[in-house]
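Both of the next two complexes hold subunit A, though its partner changes from subunit B to subunit C.
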Partner chain A sequence: MADDREVLREVWEGRLPVAFSLSSDEVSVMEQPEPYYLLVPRQSYLTLVTDKVQKHFKTYTDPDKVGEVWFEYEGQPLKWHIPIGVLFDLYSFSSTLPWKITLHFQNFPDEELLGCRSKEAIESHFMACVKEADCLKHRSQVINGMQKKDHKQLWMGLQNDKFDQFWAINRRLMEHTGDEPFRNIPFRIYQVDKSYIQSLFRPVTDDGEPLTLGDLLKENLPDIIPKIDACVTQVIIQGVEPPLDTPIQWLSEHLSHPDNFLHICVLHETDDR
Partner chain B sequence: MATGTISWVKFKKDAVEFIKRSEELRDSWEFMVLQEEPGKEILMKKHVYRKMKKNCSDECKEETITMTTTDGELGLSSDSDDSLFEECRALQSSSLSGLCSYEYHIIYSDSYSLPVLYFNSYKEDGRLLTLDEIWENIPCLYQTHVKEEKWSFVTQQDHPILCRPFYQLHPCHTADVMRNVPLDWSNNNYLVTWLSSVGPVVGLNLSLSYATLGNR
Partner chain C sequence: MADGVDDQSTPVEKDEPQSPGPSSPVPSEKKKIDLLLKAAGDAPIMKKKKWAVDPSKKIGWVMEFIRKYIKCEPNQSLFLYVNQSFSPAPDQEIGNVFECFGSDGKLILHYCKSQAWG
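The block that comes next holds the complex of A and B.
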């Protein structure tokens, strides 16, 4: 069970100031509307927390051309199904705040972004991640042992930004019995302009020695450690750079996103962002 | 291995047999290998053309036209095989309006230790079918299930290798279904049994000639 409750709360309360603007091509009134400023939870999803933003900008665009909404940062369409904090860490980690995001109502790039016409699409994606994570951690035994209302409570906790509501259920998904760690660590590694990396990784050696973040990175990106040492590559989780000798089991329990995956951003100096 | 699941080694073995039979049947399944590791290769069938369902009473008239080209074009290869000729006639006789092209990918998920079916479907104008259209096109037989559980049945996901949107048949229930199949997987082809059970939901009907695989 995750026991550093202060860390969990700190992570949950991570917020990002965002300045949303409507794409200038889509403005149908005389002057460009002012940006809409909003403090958004790092743990949430763009399409889940922007109802007011969308409603605001709809009055400045041609209602006949309003299609599915999507977001973009400096030409990069943002995948709504990746948590907001991960998108920021990946594309804008060293940029100045507030984070400037452009909003579009036209030309939805359906070859790049998943459709999101309702909140159910977000809920379904979120639950699919939670289920996959539990399959990796506990062979699905915890998630399958829960009732539908527990699943609903997890989702409502995230949707309504209620830490206690969410963690009352999530702590069961983060449980491990005695010294027995997770079977595998649910993680994804993101790099700009590359497919994400996901593989099976056990948190301990055959002798029961705990493995670290450095071990996980080495296994998945063999030449990464010298680059980190030379400061040309940064590894960011939840907006911070954890020491490479942090046990991966601890990171999984405390720094995972609500979808139960540990989202790891690997930034290279050569990334042009 | 938990019951109902398969190892990657078994998946590979069955996939090789499956491709071999597909070649004999000219059924256009092929491998696309990105890296020799679990989840990095795709067993894919390029294209099936399917008429859009208008409503449930039309379903008996629905025809599936399987093309054996691999380049994704409607044009047929130079083969003058009889069955191909028939397909060609079928294509000509049925109005092309409402035809959709389906592309199916089977990917091994090492999270679930299961094969997972991904697909995309395009209209003639190149537009991707929406999730609502995908659900509408699921055969009537499964429509009750769609109504009750559509969001945990077929949804859109990022393709785990290509990283762009694909529809996915959720793997959650696969192990439950396969656990109840009274076959010994050491002598039988898991992929054939699995695909013939789940494929029809999304218009993928497997020829009966696959049934003898692993059984010979």
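The block that comes next holds the complex of A and C.
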């Protein structure tokens, strides 16, 4: 793991340029406000890094109608509780940058989005994911062996975008003792207009042979490999297309998001809008 | 739900005999999942604990169901836990949670009105 520390840093430093605009029908002043440009961390959450953007646009809309903020890309409401990079890879992978996101203060679509009334909501969602992931990897033994302040440090590391602060703790969650791999790989497979897939997947065969990304995909989406070979389906993790023969244990250790899940986007050619 | 036979807005009580639908048997992956709902802390206990739920239902839907059942006011919090350790995401499908954390053919969820674990 130590050998590939550079990969961890590269992943952590992934950024996306975003042009935020206020939904035109919510503008209450004569002139349309200019877009607000921001470089956002792929690993973070929309509602965690957009305080400045929200503050800026609030001055252009009717204060009496300001409700909970939400974000949308080409008609698709964006779930704040999915990491920003995953949202981009899923909905906008082939679009040009900057990524154009529309901001709303009205008509919160509570059928589709979870409410996010405070930073605590993001923190508890994030910690729930970390705990769930460790339940899959180590039967919760590592996370339960930590102190409250360690949990806090994970969150503060993410919130303040501090790689060393975060990884000082996270390395314990990502470690495996000796040659023992994770019990199961915490992963989620996303496809446009479908619920995400999560299942149990051991990173090795019964004989201890490492299993690969291709093996994991085949088990969860049996007809996917021919589609990838025919280039009608793409598999994206952290903005890149990893080779299908990459060991899944390595991917889990290095390309997981801070929530400790490996978020896999499966894009079909027909998704193009 | 595609077949429309057992499209209900509440889970099916487990002990009730299920009338067979007029159409062909439901494929096994569509089979309902047995949920065991257990109270923790000061939460009221549910008279019926075992419920059969469609795997495509979301965690958020189960939470709404519990809220109504135990008459949890909208301004009160309700927490749901898997394995007495973490809260599943409300948009997660029951089928996924069962697949990863179910045991002995059922999924045990604890609910409480104040944060119990973590």
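Heads up, the rule we're going with is that the second predicted complex is superposed on the first by the 269 of 273 C-alpha atoms of A that agree within 3 Å, B and C clash if a C-alpha of one lies under 4 Å from a C-alpha of the other, contacts with A are read in each partner's own complex, and residues count from 1 in each chain.
The rule is short, and it goes like this: a residue touches a chain if its C-beta (ideal position, glycine included) is under 8 Å from a C-beta of that chain, and two chains touch if they have at least 3 such contacts.
These numbers come from a predicted model, not from an experiment.
Peer 1: Aligned on subunit A, subunit B and subunit C: do they clash or fit?
Peer 2: With subunit A aligned, subunit B runs into subunit C, so clash.
Peer 1: Which partner chains sit in contact with A:198 here, subunit B, subunit C, both or neither? Use first/second/both/neither.
Peer 2: It touches subunit B and subunit C both.
Peer 1: Contacts for A:110 in the overlay, against subunit B (first) and subunit C (second): which applies, first, second, both or neither?
Peer 2: After superposing on A, A:110 lies in contact with subunit B but is clear of subunit C.
Peer 1: Between subunit B (first) and subunit C (second), which, if any, makes contact with A:27: first, second, both or neither?
Peer 2: neither
Peer 1: Would you check which partner chain A:120 touches, where first means subunit B only, second means subunit C only, and both and neither mean what they say?
Peer 2: A:120 sits against subunit B, while subunit C stays out of touch.
Peer 1: Looking at the overlay, which bit of subunit B runs into subunit C, 60-68, 78-86 or 204-212?
Peer 2: Superposition on chain A puts subunit C right on top of 204-212.
Peer 1: Would you tell me the residues on subunit A in contact with subunit B in one complex that are also in contact with subunit C in the other?
Peer 2: On subunit A, the overlap between the subunit B and subunit C contacts is residues 79, 81, 114, 124-125, 127-128, 131-132, 135-136, 184, 195-196, 198-200.
Peer 1: Mind pulling up the subunit A residues that touch subunit C in the complex?
Peer 2: Interface residues on subunit A, with respect to subunit C: 79, 81, 114, 124-125, 127-129, 131-132, 135-136, 140, 143-144, 151, 184, 195-200.
Peer 1: For the complex, which residues does subunit B have touching subunit A?
Peer 2: On the subunit B side, the touching residues are 2, 37-39, 110-112, 128, 130-131, 151-152, 155-158, 160-165, 170, 172.
Peer 1: For subunit A, which residues are in contact with subunit B within the complex?
Peer 2: Per the stated touch rule, the residues are 79, 81, 110-115, 117, 120-121, 123-125, 127-128, 131-132, 135-136, 139, 184, 186, 195-196, 198-200.
Peer 1: Tell me, which parts of subunit C touch subunit A in their complex?
Peer 2: Residue positions touching the partner: 56, 58, 60, 82-83, 85-93, 96-97, 99-101, 118.
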